[in-house]
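Worksheet: the structure to be examined is printed underneath.
By written order: A, B, C and D. Residues from 1 in each chain.
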Amino acid sequence: MTLLDETTPKTAGDMVTAGRASGALPTAPSASRPAAPTSTSIAGALNAALRDALAEDPNVVVFGEDVGPLGGVFRITDALNAEFGESRVWDSPLAESGIVGTAIGMAMYGLRPVVEMQFDAFAYPAFEQITSHVAKMRNRTKGRVTLPIVIRIPYAGGIGGVEHHSDSSEAYYTHTPGLTVVTPSNPADAYSMLREAIRSDDPVIFLEPKSRYWSKDVVALPVQTAPMTRAVVLREGTDVTLLAYGPTVKIALQAADLGAAEGLSVEVVDLRSLSPFDDETVGASVRKTSRAAIIHEAAQFGGYGAEVAARITERNFFHLAAPVLRITGFDIPFPSPKLEEHYLPTAERVLAALDTWEW
Amino acid sequence: MTLLDETTPKTAGDMVTAGRASGALPTAPSASRPAAPTSTSIAGALNAALRDALAEDPNVVVFGEDVGPLGGVFRITDALNAEFGESRVWDSPLAESGIVGTAIGMAMYGLRPVVEMQFDAFAYPAFEQITSHVAKMRNRTKGRVTLPIVIRIPYAGGIGGVEHHSDSSEAYYTHTPGLTVVTPSNPADAYSMLREAIRSDDPVIFLEPKSRYWSKDVVALPVQTAPMTRAVVLREGTDVTLLAYGPTVKIALQAADLGAAEGLSVEVVDLRSLSPFDDETVGASVRKTSRAAIIHEAAQFGGYGAEVAARITERNFFHLAAPVLRITGFDIPFPSPKLEEHYLPTAERVLAALDTWEW
Amino acid sequence: MSQHYFMSDDVVVPTLPTTKPIRLLSEAGRPVTGAQTAGFSMPDSDTLLGLYRAMVLARRFDAQVTALTRQGRLATYPSALGQEACEIAAVAALSPQDWLFPTYRDSIALLTRGVQPAEILASFRGDWHSGFDQREHRIASQATPLATQALHAVGLATAAKLKHDDVVALTLLGDGSTSEGDAHEAFNFASVWQAPTVFVIQNNQYAISVPFSKQSHARTLADRAIGYGMPGYFVDGNDVAAMYAVISHAVARARSGGGPTLIEGLTYRMEAHTNSDDPTRYREKSEVADWLGRDPIDRLEKYLSAAGTLTDEVRESIATDAEALATATRDVMNETPELDPLELFDHVYSAERPALLEQRAFLAHELAETESDPAAEHTEAEMAARA
Amino acid sequence: MSQHYFMSDDVVVPTLPTTKPIRLLSEAGRPVTGAQTAGFSMPDSDTLLGLYRAMVLARRFDAQVTALTRQGRLATYPSALGQEACEIAAVAALSPQDWLFPTYRDSIALLTRGVQPAEILASFRGDWHSGFDQREHRIASQATPLATQALHAVGLATAAKLKHDDVVALTLLGDGSTSEGDAHEAFNFASVWQAPTVFVIQNNQYAISVPFSKQSHARTLADRAIGYGMPGYFVDGNDVAAMYAVISHAVARARSGGGPTLIEGLTYRMEAHTNSDDPTRYREKSEVADWLGRDPIDRLEKYLSAAGTLTDEVRESIATDAEALATATRDVMNETPELDPLELFDHVYSAERPALLEQRAFLAHELAETESDPAAEHTEAEMAARA
């Protein structure tokens, strides 16, 4: 307006809620929530995390396809629309680029949108908004505009889904600088990591292993586990490090059991954070065992395991007794329901792969 | 119609031109074209390849943004609209998903569309069509519907482009089963590989290194070089294998010169085909030199170099004297024009990286 | 050169779609006259009888598959119960050489066009992603990524036009899918290229749980046509006579070089979105009951019966055919198709890839091992036995 | 619950945009009366004078930057020469608290809203991707990926609405960009959510080389509005009075809860797309000359001069300001900003990442080496010297 009337308004910037400092974790549980340990599924934990985040911070909003009265096709947003109303949790029109694009504008204004992509492959229409804006806005504006957006994506297979319902798309996001990509493998992490993701000032791709939604643990919510950017050693061992995340953590643990039966001491690391990668935790484990394998469902070629294998090797070459192995999906489109069992990594395949090493 | 009138038409399928057998390479040059060697740029070679393909096969069509009268922003389609007319080479509306999506329908009907994405980052709106259809159609239909589509994408930096004009997006495509991804580094390959891509029954992502468009060689067109799915040893050496593609091949050759000055015998391999990966050629080189490094512009994390490093290591672990190195862009969004020089790999950085090895 | 459209005097002011849906048959099955027909006339009785027969068979098939799905025999099945008028009219309006681009919801359109139950069900029971020969039937695979197939239809229609072939491409779209960018791009490409394409939106008023009021703020989806300079029709999607008349008109228009048309059929999804959906969470039973009273088959049946076209004899013969179809459909599910997991590697590329052959060999080896030792597991006992 | 819109009697039949563009000032600079004003009235003279001043300054800036670009001082610059009426009217119609979502083409809109030349040029001369403080100016970064910013505008407007803040978001769009899926999704989300958004399409009749006739088959882009149930206006984009009146109306409508509006301003891109474009390949010089005769500044100047508002004195003072602006703009290019390559790593994430710090350290080391030995190269001589 200066050229028009020479007055430069300076007020509106203040209307915008500045992003909150990240890093601080919640200390007090929501008053309304008892802390008694109960059997909780990943789905239930995610639902609780959304509920608590909505209750704690009026800037948190949840929208997407069917997340309102239906509660999402996986029921992760169950009852939230009824509890918080249409202005906090609502059904959007059916358009993923629109969902992510409008979330960007909301985040610019100080909201903290949590959006759901209904299935992995249905996030692809939003790829430009994610890659060219969500990932780059902070850098473009020298940190002046941060985008505290969480994009929740149920991913991977194992549920007998028809075509396009079982993609593992993590490699697309982890290769995109500016994104934080995390994935929980158990209910406690599901709760804690989603809370932390929502509290983060950076955009987070939050990958939910859909085949594990209904797997349960006894947890007392709210719970705070390790920071979401850190890997966690789930099981200690000395002979080999199995690296897994999301849906394959269970397989790694099964493989560890099978291995133990063969006298193999297997260390299992749940990566949790795919970007950033926790070089410290992983490096320490690999230097201890001198052997590592990474397990994921996505196709092998150019998959996330390639990065894991490459960086472990770069950083620990002279500690390695054998090449890092990749136990992954094949380099083919995800199969139809009846054939997915032949595609998905199994504990037996992990053991068979370990057998290929010269010990 | 059977339930309506019990007649099941069986004719229309025949109207559809069946995909031609792939693999056969052209033998005779177009009659109209002299074979005298002339100084030819990559841009010129690509233009000639399109012209010859259009002349040879009436099913070839070229469309996209500004590819008509303007000849494309890089002039790769220069004069083709005038020569072949609006029904063979034309400007489409401005929508990349629309361009790829309609190309799919055309290919289903027997055409061989060659479409242009104006810049790398502007292919992202087409990501769903590429990932969920272009890559999967053949598999979905058990080979009954093949999609002989070429998606040309000028990629990478080095031209002082403003934001979104310098992305290296190869890792997104190479991780997607069903796609063939190739990239030439010199005029002869540009011609030969584009001809072969257009002749392929499978969809090809054809990545054009935009900073090299105007680099020239003396070539006689039409030319037929190695099959597009094979890597080529450009320079023989015994101490180390430098792997490069597209814009970084020049850097590898410079590094080889610098290395030679230091008494280092450097073998340079131009990968040419990113998917499939030519394990045979690369493996032979690496087993000879026992050391390898991969150079690319894209960010390192989850970049194409991760796959290269991982598979070389898997397949040649006990031949390797040192970890495979990655000389790549940083894990940041591509910088603004004045800062790109600090981001892009250089021959000096390659040499510095080789210095980090214990020799 | 650029188009100074505002300077030319022959700009055609577009005709808005009607506010009431175009209708030829009242809900009571009586012929409609006057403005609501929008000048369309009743198809002849042979055509109507053919449509009736196809709708009855389609419904029987759909009900049978839904039942099989409830028994857990299929991975999923999106029913088109209540949408038969849209589905069958769309197929009936096409000539043999035309192409159909359906969605997951449109199995009965495939059936009506001659795809066998076994071929249709292959994907829903999880054998392979698509189970029929697209080229044989001129039907694209049933699209799951919403609205993507509309662009394929435009591309195919454009290719046919370029080759001077007499081919029209018709695509079915859901109301929800019109919100996707691809729907817009398809409308726009079709109109700019004057591609012989017909867009039939089945507005069944829900996208899974999301009601149409949250999907669009427009009076009708047919209004979208205005923005692309193409004709748009808002039609009673439960009136098969009207749907057939309007779609046929659009197909003829496309065939004669008149370009694309957008048609919205207002209908209702009587079943859940798929077997795994729970519609009680988002809609009243009364609403469903309400729409039961507007059933497309009932309506035509009343009309044809009153006209004397639908005799008891014909009705019975159709019923018999329908039962035979249901039996054939059940039989399909009693056959266990031989699936070869190794085929997973065979259709990814036309050319062989050494790395893929390695993976194929790995699986072949694994399968052979399992076969030779079906109980094989890495158990302690087994290890001990082996040692 | 689902919307049985065809059953309700109070459906509003949409009003089609006019076929001739809305106009308040004739090309000769005389006030227009009658139908072509569509009921809009002439802004007051103070406003018009303000618009005039802003247009003159904007044009001077634009010309200066184009000249600097021709000298190779900038990486690129997309000129808005000839589009000043659209650009300045859009900015002038906004209140301070409103947000603007511009594209690469809209630098003069930024200038008019108070962004300093140095801040605008930072991105075009290649210093950093965006050079101004978005929040200070309530202006988003100039968007390059076409139509993406329209969704950001809708999102921001929705957030403001949810917070009950009095904020309108206006986005500028090119004619070509309306073909993108994102444009459609933005129109639809805005109308379904009744977001206080104003979409201003500058139809400059070209998308780089592609004329509007290859972009749309509709009569006007304003016709798109019908399909979203929002008002659409087709306006003479070289008539700043009309653009200001219509945009102000739309902003007021949005502010009062009336939802979004779509406005098409018909204008012309007088310059090449950017400095690297060659428009002789795709358009006639005569066409450009033609549009020179419809210049938006001339038109207003004639009107204001005739009305006595624009005295020689005022004209001179504006000219002086314009020259001062041009000088300031040149001065910007004479300063060499200090760029710290290490800053490349500082804004990617809010939290530190160890691996990124390693890369930062690598570059710091490399920079330090080059600094200490500016001629450093891996030459044989150097190697020998080191040894």
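One rule holds for everything that comes next: a contact is a pair of C-beta atoms (placed from the backbone, for glycine too) under 8 Å apart; a residue touches a chain by one contact, two chains touch by 3 or more.
None of these values were measured; they are calculated from a predicted model.
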_A-C or A-D, whichever has more C-beta pairs in contact_ = A-D
*Would you identify the chain whose Cα-based centre sits farthest away from the centre of subunit D?*
C
*In whole angstrom, what separates the CA-based centres of subunit C and subunit D?*
42
*Please compute the C-alpha centroid of subunit A, do the same for subunit D, then give the distance between them in whole Å.*
37
*Centre-of-Cα separation between subunit B and subunit A, whole angstrom*: 32
_Give me the residue numbers in subunit D that touch at least two other chains, ranges are fine._
128-129, 145, 179-182, 185, 188, 192, 214-216, 348, 353, 355
*asked:* Could you pull out the residues of subunit A that touch at least 2 other chains?
replied: 92-93, 95, 97-98, 121, 124-125, 128, 132, 136, 139-140, 163-164, 177-178, 277, 301, 330-333
*In the complex, subunit A residues that touch subunit C*: 65-66, 68-71, 73, 91-98, 121-122, 124-125, 160-165, 258, 261-262, 301, 330-333, 335-339, 342-343, 347-349, 351-352
_Touching residues of subunit A toward subunit B in the complex: what are they?_
97, 121, 124-125, 127-128, 131-132, 135-136, 139-140, 163-164, 171-172, 174-178, 275, 277, 298-299, 301-307, 309-311, 313-314, 317, 322-326, 330-333
_Under the stated contact criterion, what part of subunit C meets subunit A in this complex?_
75-76, 104, 123-129, 144-146, 176-177, 179-182, 207-210, 214-216, 276-278, 281-282, 339, 341, 344-345, 348, 353, 355-356, 359, 363, 366-367, 377-380, 383
*asked:* Which stretch or stretches of subunit C touch subunit B in the complex?
replied: 50-51, 53-54, 57-58, 88, 91-92, 94, 96-98, 111-114, 128-130, 133-136, 138, 140-141, 145, 148, 150-160, 162-163, 165, 167, 169, 181-182, 185-186, 188-189, 192, 343, 346-351, 353-355
_Which stretch or stretches of subunit A touch subunit D in the complex?_
1-5, 7-13, 15-16, 19, 22-23, 61, 87, 92-93, 95, 97-98, 100-111, 125, 128-129, 132-133, 136-146, 177-178, 180, 200-202, 229, 276-277, 279-280
